[in-house]
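By letter and in written order, the chains are A, B, C and D; residue numbering begins at 1 in each of them.
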């Protein structure tokens, strides 16, 4: 079988471990694996090269993606999708594995209409907002990067008795914010999935100060309905009567060596993708749900909304008394 | 309810996050939480103090355990166990929560015979060898510590074309070794659960060198049946005809700030422990299996053997071609 | 001798190691050391407590400052300065050691007019903009924090072929930017000490892309005369015709465990401060210049401008060909 | 000028940053730079390739050495040295820059007898035992790696009230041990340069415990005259009457991304090497002493002994009261 692999959308730590597993398990089981460089646009531009076992040496521990990634305007058009299908046919591919987030799954879903090769999606995004897997590749690393950063800021917050707002990634999802907030002992977590009540938050911070809390942490998902961290900080500063500091963690969440968890998840999903292809599975995104490897129809992955863990979220108030 | 909390056996990163959750959720639900310092021996010595919400401020991110831990010879005797029960009665405790590994669960099981308060165990050990939970508190941090170390050694291995044996913790269990090995792209993983065939390993390393692999990694659990890393290195050096280097990771695996995963798991289990006590649950160890919070009778946790993930283990050969 | 110690201005990693050295070497040489909590305002509020050898246990490796810090409006007034002197007399202090940056040295200089006890300043600021020492306590940690962050962002920059602007601290000084830029292989370093020519920079980036450079890094000191990173990015995006990404590192630079270099420097300066006090030295800031412990009159430390290393700065263009 | 570059002996973090500076500054100043792969043996085997500006892209932050290194038996013989000289002549090299430790400087000194090209040595070794520079490339990273490890072990030591011996690198030198010991607040530092008195140490530990110190750290250089950490631990355990734990840090000290300090030092020395070659300087090792770039005759670098900082060493007892 001739199998193409590409990474699309934002890069996420663990993508390399996943590519490595696809290549090596693929080769070990007699398949021919080809890298498509630069995401979907790379496919349209035929940036394709053979991947040998040695091509993926010494990458299991590296962040980013050796295949590079990118966003493609051309692929958004029906023209582009048909062209991609034509290229896949001309290059005689039997199967395509693509790592990415919601946008990538949507793209694969479109591609299915014009190409009848086997198509498998793998969830690679730090946002963890893809339905069909408990965790996406890169999420654990992103959260660990964020908590390392918050642990550092904590030293200053503590030394200064300050109120800090930490903005983490998540335009439509509070997954990172929720996990960072719980892991760092945030007093408040502001996410798009729930109503953010600034008056209530101000009251809570003031009450905490009175109870002897020396500093306060508020973790904000960038997509919160009350605005980004700078906006919320301004509003809260007025309400509390004390300047709130802001730190936007930004790109550092995305980088760095992947964690244990992401490397293992990536390796499992990569190996499983080969096993699924060999069984003729297609049109699905693979994932892990409750410890089991699963396959979810591509369409569901971007039409269904992944819920946040309500129980965990509800604990924030109790944990920060 | 008067609830005692203690940590026993080796410390593990995340214990503090768990203690914090127990204390704050406990207080928030009207309970009185007391810390027993120094493990089971601390109970026998009545090292007990009230834990307030502020007592557990700024510890969610710290490794180790603020309650300290220890091993107790006295508690191993029937005398000691009866004394512990008497003290719990005299101090008017209604419930006891203990964090630890197999030894701790065994101790709680003994204690049940002499004390009729509510008893809950929580799995806190880096070894992840306790039956009744997918992951124990501290395991993820330990594995991440180990892979950070291996990533560093990799620089030298690569610069030198060397064969390296890395010894990780696990006297009776290959859990850490398996995860570190997969996450670091080990060529070989030697664990007590499976037969370690040194001739086969030597052949594999030699064949890899011939195929162009520039260096080789072997991850060894300290309890492998062929011996520790130094012993195995000596045998392999002879078989391969090249000096194998050894690094024993040791205590660095146990320390450091807990990871995201361990802090969340610890927080969940701590909060759940309070919820279970309020429902009258007793005689169990709480855990998470396939994403669900679970309760396993204490006796099962140390009599049943936690299996390793055979599929993951079987991938090692394919992943290191 | 009764010696007061305080930390003032922004906290910087290594302050704790310095406090520890002052306390222990002080006690070991027969002195009585007292902590003044909350900076100069803490002095005005008489937040003073004895520091014993055990008070500074387990802090050598912690960021922040156990004495906490703060900015004091009151001390800026002559009234406040006289009050501080009166309190120092009433509390019978013989000497005062203060860690901080330029503002702190200015404050000590003022205090000299009203109090005749021994006064020693120690350079504790991540900005490294104090004249009278090659490095201030905290600078090395801040730069290492920043390069860790940049190394992470590099993964994404590389995966995406992007232009990145990294804003580091330094309102009046390019010290952090220069060191981060050289250490991370920046293509351009924009600092307040030198003219930043955006046309030239745009040309350079475009030329680099043509020569095959896959991505570009620009390190910007927050106080550059062309504006902060967001402002510069906007201007450059237009000139280059490609969106430039921005990451503001912010508070993470300030936190975290101090590095080897900062702990040693802090320990040396703390011990040396005691030795100097015992010799009756006063009115100076201690530092290390060219490997030698030195004492610079307080006034010079904030009136003289610390130069950047021109040779190092001049290498940037050659290093990024 | 045709300039060869090689790395020899153990690899050290920062070597890549140095190679990058040599290549890019060299090219920028019109020179032709060639990499010799695999150390001195690589020269004997003519493993030589051109280094372009792009050859050293994205390595400034990587540990290890892209040129790889190795030890060469052949070069130890007069035959080998003459052969190396012959190859350098045949390949028309004008100059050779070699990074390494004492052994490398000795090798360059030998080579001078048979080859009249320009020869420059650069100190690249984590041990910091080369005379002629305050710090060698890699030392700061190694010490920071070690203190990170010790900070982790501290969590366990604290939780358990234990005595810990940490063995760090340094067969003939206590430089790493001294810096790690001071930076981590060790109670005792055992190094080859000073007499290690186990009775005195035992007394000190016992007295510390009595004074309320909850745990003790002893940092041991592997080359201490009383033996390695395991040997010393055994002797001390008997004397103190309590089991001393041992952690041998080993190879993790050598790896990982270089620190700020090492990258800057490496960059400076690499650029300076080119400047020196262009001035016809030869037969020296470049270094930095008291903040100044210096050149020391090769012979002095391995015949003179680099002293440890006696004042710093003398502070240990006072700092650990």
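Keep this in mind: a contact is a pair of C-beta atoms (placed from the backbone, for glycine too) under 8 Å apart; a residue touches a chain by one contact, two chains touch by 3 or more.
None of these values were measured; they are calculated from a predicted model.
Asks: Compare the CA centroid of subunit B with every other chain's and tell me the farthest one.
Replies: C
Asks: Indicate whether more than half of the residue numbers at the subunit C-subunit D interface occur in both copies; give same if so and different if not.
Replies: The interface is built from the same residue numbers on each side, given that over half of them are used by both copies.
Asks: Distance between subunit B and subunit C based on Cα centroids, please, to the nearest Å.
Replies: Centre-to-centre distance between subunit B and subunit C: 40 Å.
Asks: Compute the distance, rounded to whole Å, between the mean C-alpha positions of subunit C and subunit D.
Replies: 28
Asks: Would you mind pulling out the distance in Å between where the CA atoms of subunit A average out and where those of subunit C do?
Replies: Using C-alpha averages as centres, the distance is 35 Å.
Asks: Can you tell me which residues of subunit C touch two or more of the remaining chains?
Replies: Within subunit C, residues 151, 154, 158 contact more than one other chain.
Asks: Spell out all pairs of chains that touch, sorted by label.
Replies: Chain pairs that touch: A-B, A-C, B-D, C-D.
Asks: In the complex formed with subunit B, which residues of subunit D make contact?
Replies: Checking each residue of subunit D against subunit B gives 7, 10-11, 13, 62-65, 68-70, 145, 149, 151-156, 158-161, 164, 245-252, 254-256.
Asks: Show me the residue ranges of subunit C that touch subunit D in the complex, using the header's touch definition.
Replies: Touching subunit D: residues 17, 20-21, 24-25, 27-29, 53-54, 57-58, 60-61, 134, 140, 143-144, 147-148, 151, 154, 158, 179-180, 182-185, 211-214, 257, 259-261, 263-264, 267-268, 271, 289-292, 312, 315, 317-321 of subunit C.
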